[in-house]
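One chain, chain A, appears in both complexes that follow, with chain B as partner in the first and chain C in the second.
Then we have the complex of A and B:
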């Protein structure tokens, strides 16, 4: 007998917004970045300060001179396929979208806290604040890196302290990771009759909020050069709860314990170079600790994943005063090793190509507001796996001999593509107009 | 840091409630066949224990609709159909045979179960397979 397929936990977006408020859903990949950051393939942790700094590297906030707010929305498509050798492809496509808002600002006034910078960001998916799809078996083919990560709420609150007369920024932030806890107890009502049996159900629901830290430092050793270093702690959403059912002498203890691994521990370094006022080039490299990855069933995959170095780069050019063009490129090697045993994760090296533009809206009488646009395309190499029948575990200890049932046997291939487009509005705040050449944070 | 869900969820009340999904159940008999069985062993895929709704106290529900999908090893239908509660097939046994059962309730809600007819690859003699 097989337990029914998937368990999906859905919390209502509007409700969850009530207890949280902050920036980004992913690490430079679709989906969820603020438009300027998304157009630069998620690069730019060195600074100068941007709306994504609170999550990317809060230390970079130290260069912020004016408050800036942004609103954005994005939508895109995620398409992936899986095919066992000699069988037709099973293709799945789904829409992913969301909204975001961010605010970064220096501490107001000229008091002793004038060297403090603050930031807050919020990203909310279109459909679910928290969604966890849990397949019933560890060998179900899945797109582990994007399925549950693509739909989650992201809340980040952070700040920075400018040191050495603003030459160095030291920052920290907290990312809030929503989870669900729902212990359940089921009992027969001893007072019920045989003709009308009744059941007592004790169902509790809690929304525990996990915390993932971000700590970063940024510096400007030369006028045209920014450097930064950041550590981001791993983020895992959980859906868990006991499920204790008793009927007379029969007891069924069937807890749920699901974990959606959103982001690994990351240690990243970045540089940003601005050789002339109208041009900025930036690049990041980060060590991602994927070896701590856990499956949706909160177990280490078999075989376990590997740590990886990821690279991102972006370029930004002001072609005229009111128009900025951007492009980015990221390379993400797969952390998934050759899968000769149980797991069937569809994942291979990935390439992210992005482009975008920022358009000043002064001509429309909207002051220093800017419209930000971007598009992103992610391509994955074809993943292939050949199962080692001698290494597959016995799937049925009750039956004589060794049984194999793996959904990837004897071999399979698979891949994925994704595209995304988004737009946003960046709003410099405060009464004083900004100098024309000093609007870095608003770009 | 913990907040009661009830305090947050009260703010939302749009849309109709989601229909209660049915329960999809697959039983396979026998549970495994010998590797390279070559269509010798009839295997029953039985979904008749699927019900309109899962309940602690068994209740007679409305009949559900069945839709089977078989993939993996090549197979031949012996009896039943891909829309019947159960069916009997044979398999080449060159790889596992995977069954996916979609059960749809009259309300339109559906649930899917997957199960696999295993292959006995080692200890074949113990399992009654020809050497």
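Then we have the complex of A and C:
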């Protein structure tokens, strides 16, 4: 390939990938939660332990007495719209579904580690194990919190240690946060024909693993009261690499450097109160450090996002021995400031309403498993933006005057709603006590 | 997209170019090493052996509770896996040659679970399993290179990819068990758009060549799709101590496809290319196996697997008629319960080479493989007898000899003299080596 006339293309903006944290798409998002937790609007970090405690608050695992596994699946619809002033609404609807599996268990045996609890959770979306759109422009309207991040595979592994005869649990977990390295080398094949040109590609893909920590404590100061405190570290995935392309007279030789912000640092406190055996009321409040948000192009948004405090609560009632009803409510103020400059993030305060039920199958003669069901509905207030035209760049310096092509100028409005339903099986496993039943005939 | 003397002559429409990929049948680690330390110690001859999470891959009927086993058993294993290739590729004059991608060492973690669901779901004889294989340094890593670059067919990428398996086994009768599992892998789609935003003519100060320095914005859409490959099996126990097995494993393949498009290139318009790689292939496979107890405390497992490699494809998604051929691979493993708490294992597996360049353009290195394995299992902390302990440790070592071969190019298999001249393997070469691997696992039971 001659270098004469070669065109050098500098890729200013490159690709990105998102992958996930634990068994939830994101704090407060009704996608991906384990059914019992989802029915309680994601509340319950104080415990007692649930199947998603390994991610929500691993300290709560200390209340676990026997191995439990859960399988669940969920599906729902995410619908959002965007309308620039004077133009019709652009509405998009998509299905979001997935399935998950979790296993939590006490340390086997009666040795000094008997107060240790272990857990692992895996969540995989139905359609895409990973789905990310990185538009070439910064001003493409996007649903800030739900668009790419609802679809990604998530793995969390954690454990807890029970202290003071089980009154306090200390837990820690790690969430696997992958990034992408993809150096690519493209060359024109001089041996190919002009009729059927061919290039030779050397492409490498690597998904290195980053770790996002979760540290939590759960305690039971009173018989009817559980409290919990958890810190979840932020998760950011990166896409890096190079693009060295020489095909004919074309040369692309530039680095790829992107970031996908999955979840901010979160510090949350929760309380669970059980005034009577058949009733549990719980509430959580969490501070999310959204001010460290970076866009998919690895830049701080202008203006930067705000930290926010979200609140969620749930109630659980055993109406009969084998049937439990649940309901939940969460309020999530938006971290996105008014979009008066280049970006067009669609987000506003959100309200999440959930309901669900748990049914013990033993009463039906179907074994010791429990069937969990839930439904969730999320509504967002209408977001409105009025552009500060003086703050927008001139998109065509060659043309006299200021040429503004921002996709949100001069003003826009947008919003979203989502619903989801799910079901799951909770499976008590292993034999208890051990080894007292050792001599029982197995079958 | 052929350059002209006056500069660049490029179609103004998108130029779709198929391109090349790499180490094709970069099979998952379990394809030859076996799933877990016990399976490795038995050379993977596990089709007719039940009672561990390894049955997910080797025969999911074995996930069903085994007669005599604890009811409501739950067992979980955490294992480490290491492998290191000692391979050599050299010219016919004895000079070492470099491959496009090095045959690298591997360190990985394997997590496996098997549970008796009979009580939980009220279905007698129902068991389930799940496994997750995680390379130690990355969730996944693979490289794609043109088929004519010198590269190992199976050694480079096969153990560098996250993979999960889930399955069910059911024993409706004491002498009959059936099972189904799925191997879960992931495809990747990348669609890339670069939009030119600025262009400025430049002259290379060193060469004096002129070029256009172009600035562009790039956007990308990435999708990862789950891909399931089925595993079905049946176990029949006609008499005490004899188990017969049949297994079908569906083709598993991981694809990497997409396109790249550069728009608004001055004087050119739009150009681009599409790509489609296949960087992991295990074709359909049928296996029959047997397990028997020839003497007290001795058990023997053997199997023969037919693999449909004649439908194999290279990473460039090409078929090479006559180059890929079906294989029939035998394996045998023997286990001796040296004591109530200790089991010793050994095995042998022969893997027929799947691809032969036959002097053609491809330079994909493959070899027959003779694998010898040894292993041991130790039960710990057994409250009610050694074989019912809460903890156990399994260890295995595997050494495989790759006798290799010699390649000499046949000019009649090339489209032109130029193609032969440009082929990296035109002068011929030979290759051989060893592959050492090991596994250590800890299993807990509840």
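Rule of thumb we're sticking to: the second predicted complex is superposed on the first by the 373 of 443 C-alpha atoms of A that agree within 3 Å, B and C clash if a C-alpha of one lies under 4 Å from a C-alpha of the other, contacts with A are read in each partner's own complex, and residues count from 1 in each chain.
We take it that a contact is a pair of C-beta atoms (placed from the backbone, for glycine too) under 8 Å apart; a residue touches a chain by one contact, two chains touch by 3 or more.
From a predicted model like this one, the values you see are computed outputs, not experimental measurements.
Enquirer: Given the touch rule stated above, what does A:396 touch, chain B (first), chain C (second), both, or neither?
Expert: The first partner, chain B, only.
Enquirer: After lining up the shared chain so the two structures overlap, which partner does A:120 touch, if you call chain B first and chain C second: first, second, both or neither?
Expert: A:120 sits against chain C, while chain B stays out of touch.
Enquirer: Quick one: classify A:69 as touching chain B (first), chain C (second), both or neither.
Expert: After superposition on chain A, A:69 lies in contact with chain C alone.
Enquirer: One more residue to check, A:365. First (chain B), second (chain C), both or neither?
Expert: So A:365 only meets chain C here.
Enquirer: Please tell me which partner, chain B or chain C, touches more residues of chain A.
Expert: C
Enquirer: So, does A:84 touch the first partner chain B, the second partner chain C, both, or neither?
Expert: So A:84 only meets chain B here.
Enquirer: Taking the superposition as given, does A:109 touch the first partner, chain B, the second, chain C, both, or neither?
Expert: second
Enquirer: Both chain B and chain C touch chain A; at which residues?
Expert: In chain A, positions 1-6, 11-12, 14-16, 19, 136-137, 180, 186, 197, 199, 205-209, 245, 247 sit in both the chain B and chain C interfaces.
Enquirer: Spell out the part of chain B that touches chain A in their complex, as residue ranges.
Expert: 1-6, 8-12, 21, 23-27, 31-32, 49, 54, 56-57, 71-72, 95-96, 98, 111-124, 126-129
Enquirer: Note which residues of chain C are touching chain A in the complex, please.
Expert: 1-10, 15, 17-22, 65, 67-74, 76, 100-101, 111, 113, 115-125, 130, 132, 137-146, 149, 162, 164, 166, 184, 186, 188, 190, 192-197, 202, 204, 207, 209-226, 256, 260, 262, 265-266, 268, 271, 273, 275, 277, 381, 383-384, 388, 390-391, 415-416, 418-419, 422, 444-446
Enquirer: Which positions of chain A touch chain C when the two form their complex?
Expert: Its residues touching chain C are 1-17, 19, 66-67, 69, 101, 103, 105, 108-109, 111, 120, 122, 124, 127-137, 153, 155, 176, 178, 180, 186, 188, 190-191, 194, 197-209, 245, 247-252, 256, 361, 365-369, 425, 427-431, 434-435, 438-440, 442-443.
Enquirer: In the complex formed with chain B, which residues of chain A make contact?
Expert: Those in contact with chain B are residues 1-6, 11-12, 14-16, 18-19, 84, 87, 136-137, 140, 180, 186, 197, 199, 205-209, 211, 245, 247, 389, 395-396, 398-407, 409-410.
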